[in-house]
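Below: one structure in C-alpha cells.
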Amino acid sequence: MNWFDKISARAAAGLAERTSRRSALGSIGSAIAGGVLLPLLPVDRTFAQEAAGDAPEPRQDPTQCDYWAYCSVDGWLCSCCGGSTSSCPPGSRAAPITWTGTCRNPADGKSYVIAYHDCCGAFPCQRCTCNTNEGDTARYHPQRSNSVLWCGNGGAPFGYHCTMSRILSVAE
Amino acid sequence: MNWFDKISARAAAGLAERTSRRSALGSIGSAIAGGVLLPLLPVDRTFAQEAAGDAPEPRQDPTQCDYWAYCSVDGWLCSCCGGSTSSCPPGSRAAPITWTGTCRNPADGKSYVIAYHDCCGAFPCQRCTCNTNEGDTARYHPQRSNSVLWCGNGGAPFGYHCTMSRILSVAE
Amino acid sequence: MKRMPFALALAALVGMAGTPSAAQIDPASLPEPLTVETLPDKPDGARWVWIASFTNYAHADLIDADTGRLLGTIELGYQGVLPQIPRSGDEIYNHAVYMSRGFHGDLVEVVEIFDAKTLEIRGEIPIDPPKAMRGLPSINLTTLTDNDRFLVQSFFTPALSFGVVDLERRTFVGEIETGGCAHAMAAGPRRFFSLCGDGAVLTVDLDENGAESARESHPGFFDAEGDPLHPTGARSGDAWYFASVRGVMHAVDASGGGIEFQEPWTFREEDDAGVWVPAAPFQHMAIHHASGRLFLLMSVVPDLERKPGGYDFHRGPGFETWVFDIESRERLARHKMDKPTAAIAVSQDDAPLLYASTYTHVDIYDAGTGEVTRTLNPDVEVRDVVVMMQPWD
Amino acid sequence: MKRMPFALALAALVGMAGTPSAAQIDPASLPEPLTVETLPDKPDGARWVWIASFTNYAHADLIDADTGRLLGTIELGYQGVLPQIPRSGDEIYNHAVYMSRGFHGDLVEVVEIFDAKTLEIRGEIPIDPPKAMRGLPSINLTTLTDNDRFLVQSFFTPALSFGVVDLERRTFVGEIETGGCAHAMAAGPRRFFSLCGDGAVLTVDLDENGAESARESHPGFFDAEGDPLHPTGARSGDAWYFASVRGVMHAVDASGGGIEFQEPWTFREEDDAGVWVPAAPFQHMAIHHASGRLFLLMSVVPDLERKPGGYDFHRGPGFETWVFDIESRERLARHKMDKPTAAIAVSQDDAPLLYASTYTHVDIYDAGTGEVTRTLNPDVEVRDVVVMMQPWD
C-alpha cells in the first residue's frame, strides 16, 4: 500500500464515525484520482508517513523523494534534472545562501545538517516534485524555511530550476 | 458516441485486417485515455467528422467548438475567455489582420466569410481549444493559414490570448 | 438542461444578446463590429471570485461563481499570488516580478496598475533594486494600507525587510528594515504589522509620504519555537486571526490605533484518526464577516511531537473545514471535504459559498451546511494549480 | 530490476560515482563541494535526443534515450520549436522571442548562443525590429546554412520575408523580401530555398557577409492550390523531401549548387478505413540516412474532396507510420502506432529507434520492426505537449 493509500485509509478511518462508509470511500477515491496530478503538487510526505504510523526507512536513491537527505525539501529534485544532490544541472547556477535541515542517514544512524541550495536561472525543471518539509518553519525563520524562493540571492539569477540537498556536516 | 470514439472506431476498423482485435481495441483505449489531455491539444474536428462519415450539423453555441463559424479555427475560443466571437476579452487587443475561412450557417444555409482575429497581449486563455482547420492551408498562403500566430501584426501585442470568429460577409 | 433559444443561450453563455452572429444574420449588419469587452457592472447578489493559478508565471481568472462564466483574466507575473484590490477607486494593483528572457535574464520588479473595468494596464511602478520575496504561494506577502494609498511588500535578500510603494504618486518610497520579521498585514490607514522570529508583532506606522514614522515591537504574541503561527491569517474588522501549528488561535486587535493581543484559545482535537491541526497547503483560513464565522481547513497528524528544526507545517491537503464563531470561540461545525483541499475562501453574502481548491478545480460548498453543491467549470482543464481564491464582493 | 549497490545505482542514475553522499559518509569529505554539471562526452553508441515541449514558453530536454536520463535543458522562448545544432563547433543556437513582462510588454527577438558543453548562454544577437514568424510548431521556420555561419529565420509581418543572422560576427545582417514564400531550408554552404504560394521553389544565395547575392524562382515544383505541400519536409544529403496533402512525394535536389526536381510519386492508399494521407499534427517525416529510409506519419480520411479555401492539413494524430525506401520509392512497411501520434523522429545508428510523440510522452519503437518497445520516462509528468524531437547523434 503506497503512502497515498495510507493517507486516504487513515483519513477515512478518522472520518468513519462521522460519515457513511460510502462517502469515506468516495474521499479515498477522489484522493487517488488526484494521484495523477499530485506528483506535481506540494504533497507532504512527512504527513503521509505520520498518517501511515510507521515511517518506512528512507532509501538511498537520490532520484527518489524518500532519499534520506531530502527530509526537508520543497521543490524539484536536481538529481532528476541533469544535476545531483550537490551539483546544479548544466546551465543553471546555485544560490549560495540556503535554508538548512537536519536529516538522519539510516546507513550510519547519524544525523547530518543539509543545505538545500536552489539552482537558478534555467527553465523550471518540473520533475521529481518533493515536498517533505520535516522541521520546516515559517518565513520569519527564513534560515529554516523552505517556503522561500532562495534564487536571486547571493548573485544567483531569480528563475527557479531545482533544489539540491548538500551535506554540510554531522549534526551536533 | 462522441467524435473521438468515432475516430478510434473508424481507425480500428481500418486497422482490423492488419491487426488483432485486441491491439485495435488497445489503440482505441489509449486514444480515449488521451481524451483528458486532448481538449488542450490541436485535435482535428474536421478529421474526426470525416472519419465519422456523417458530420453532425454544427451547433449555434459559440462556447462550443462545433459552432458553425468556427469551421477553420485553430486556437482558444474568446467566447470562453471573457470575450465573444467578435470582441476580445477585457485587457486584450485584437490583431487587425487575420486569416479568413468560409463557413456554412446551417440556420440559413448560407456560407459566410469569417475573419479569425487573434486577441493579444494577455495571459494565454487556454480554454476551449478548438482546432477545426476546414480549408486551412500552408504558411505560403498566410491569408488562409491558421498555423500562423497573427498577434504582433498591425500594432497588436505579440502574446496570444484567444481567437475570435468574426462574420465579414456572405460568401459569393 | 433544456435547450434555450439561441439568443437566450448566447446571452447566458456569452452575455451579449442580439449579436449579429445569431442564427438569422442580417447582411446589412456585416461585417460584425470588432470590439473589446469590459467587465459588466456587478449585478446585485452576484458572487464574483478571483481564482489564482500558480506555476511559474501565474494568473488570476475573475469568475462569476453562480454561472461559472469567466469574466476576465489578469497576469500575476512570476510566482504571483493575488492582485491587490483597494476598498475604493477604479484600479487593481498587482505586485509582479518578471525576467527579461522568460525564465532567465534580468529581474524586474514592478507594481502593475490595472483599470478595474477594462483590465487594461494603465502603467507600472518600478521597484528598483528588486528584492521581492517569492516562493510557496502565501497570501500575506503583500498588503494595501487601509487608506488604499500604500502597497507594502515583503522583501527577502535574505535579510527580511519591506518595500513601500506610493500608489497615488506612482513611486517606490523605499525600504524598511526589520529585525527578522516577515509578512505584512494592514492595521490602519497608514499602518501595518508583521510577525517576527522572536514571537513578537512589529507595528510600523507610515507618514503621509509612506516613510516610516514609528515602529513598535510587541513581544510575546506567540511561541515561535514551541508553537509557531501559520502566517496565512485572515482579517475581520480590525482583528487579525492566526492559527498555530499545534492548533491554538491567536488574534491581534488593531482597533483604535493600538495593538492588543486577545487571549489565545486552543481548538485542536484528538480522535481515532489522530490529532486534528491546521492544514497548510496554501490558504487555510477564511472569515464571513457579517456572521462572524471563521472557517479553517484542517489536517490530521498522529501526534504533536516536534521535529528537529521545528514543527512541520503540514502542507498536505485538508480533509475537513472547521467552522468557529469568533465571538464565542465555539466550534459550530466540522465540514468533511469531498476532495483533498488546498485552499478555502468564503463569499460575503448572507447565503455564503465556501470555495475549496481541489488543486485542479474549485469545488463550491454551502458554507452553512457544509454540503458540496458543485464543481466550478468541471470541464475546464486547469493547467496550473489553483492556490488562492479571493471573492470580489 | 535487481537492486544495484548504491554507488553503482548512483553512477547509473545520477552519473557521479563515489559521491560523498554515498551510504557511508567520510566526515572529512564534508561539506560536500558545490558544483555545476556539464554535459558528459557522448559515449559511442549512445543515442541522445532533444525533446521539445511546447506551450507558451517552450523548452527542450536533452535525453539519453537508452537510460532515459535527462542530461540538460535549454529554454526555447515564446513558442520556440527546436534549437539549431551546427555540424561542428562548440555552440548551440536558439532563435527566440520573449516579452518584457511575461506575456505582455515589449517584444524582443534574439538568437541566443549556448555553450554546447555547459549549456550556459554565452550571449545573444538581437534582431531588431522583431519580425519572427510564430504559431503552430513547424520544423522549417529556421535553418542554418551548410557552412554553419548564417541562421535564416522566417519573418511574418504579415508580408513573408527572411531574416539573416551572422553567427560568426554576432550580428543581424538584414531582411530578405520574398514574393510570398515561407519556410527556410538549407541547400548549400551559403544557400537556402523556400516554398512559395505559386508552387515555385525560391533559392536565395548569400554572399560571404550574408547579404543576398542571387535569387532564382523555380516554378512548377508543386500544385499549391490543387495539392499543397506540407512544409514540414526532411533532408537527406542534398535532397529535401516534402509530402503533399493528397499523398504525393516531391523532392528537391540541391546537389552541385543547382536545383532539380525529382519526379513526384504517389504513395497514398485507399482501404476500408478510407484514404491514407500524411498526418500533420506537428512533425510527420523523418529520414534514416544510412539506410535511405523515409518514415512518414499517416492519417486516414474518407475522401480527397477539396474544402472551400483549400485542403485541410489533417492535424489529427497519426495512426500509422509508413516506411519508404527513398531510392526505389517502394513502401517497405506500415507500422501501426500504439497510440495517437503527434510527431516522429529517428536515430541515425544502425539499429535505429523511432521516436514517437504521444503528446504527453515519447514512445520508442524499433524502427526496423515497428514494434513499440517502451515509453520514455513513463512516470515523468510532462506539463506541456511534446511537439518535436531531434536526435543529437
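Which chain is which? They are A, B, C and D, in the order written, and residues in each are numbered from 1.
Convention: contacts are C-beta pairs under 8 Å (C-beta built on N, C-alpha and C of every residue); 3 or more make two chains touch, one makes a residue touch a chain.
Keep in mind that this is a model prediction, so the values were computed, not measured.
Between the interfaces B-C and B-D, more contacting C-beta pairs are found at B-D. For subunit D, the chain with the farthest CA centroid is C. Centre-to-centre separation between subunit A and subunit D, using Cα means, comes to 35 Å.
Between subunit B and subunit D the centroid-to-centroid distance comes to 25 Å (mean Cα coordinates, whole Å). Each chain gets one centre point, the mean of its Cα atoms, and the points for subunit A and subunit B are 41 Å apart.
Residues of subunit C in contact with two or more other chains: 55, 57, 75, 78, 102-104, 121, 383.
The residues of subunit A that reach two or more other chains are 40, 122-123, 126, listed in rising order.
Touching subunit C in their complex are the following residues of subunit B: 36, 39-40, 60-63, 69, 79-94, 96, 105, 107-108, 110, 112, 115, 117, 122-123, 125-127, 164, 166-170. By the touch rule above, subunit A contacts subunit C in their complex via residues 7, 10-11, 13-15, 17-19, 23, 26-27, 30-31, 34, 37-38, 40-44, 46-48, 50-51, 53, 72, 74, 97, 100-102, 111, 121-124, 126, 131, 133-144, 147-150, 152-153, 157-161, 171.
Across the complex, subunit B is touched by residues 55-56, 78-79, 97, 99, 102-104, 107, 130, 133-136, 138, 154, 156-158, 160, 180-183, 194-197, 224, 228-231, 271-274, 281, 299-303, 307-317, 319, 334, 336-340, 342, 358-360, 385 of subunit D.
Note for the complex: subunit C touches subunit D at residues 55, 57, 75, 77-78, 96, 98, 100-105, 108, 110, 112, 121, 383. Chain contact summary for the complex, subunit C toward subunit B: residues 6, 9-10, 13-16, 19-25, 27, 30-39, 57, 59, 62, 70-75, 114, 117-121, 380-381, 383.
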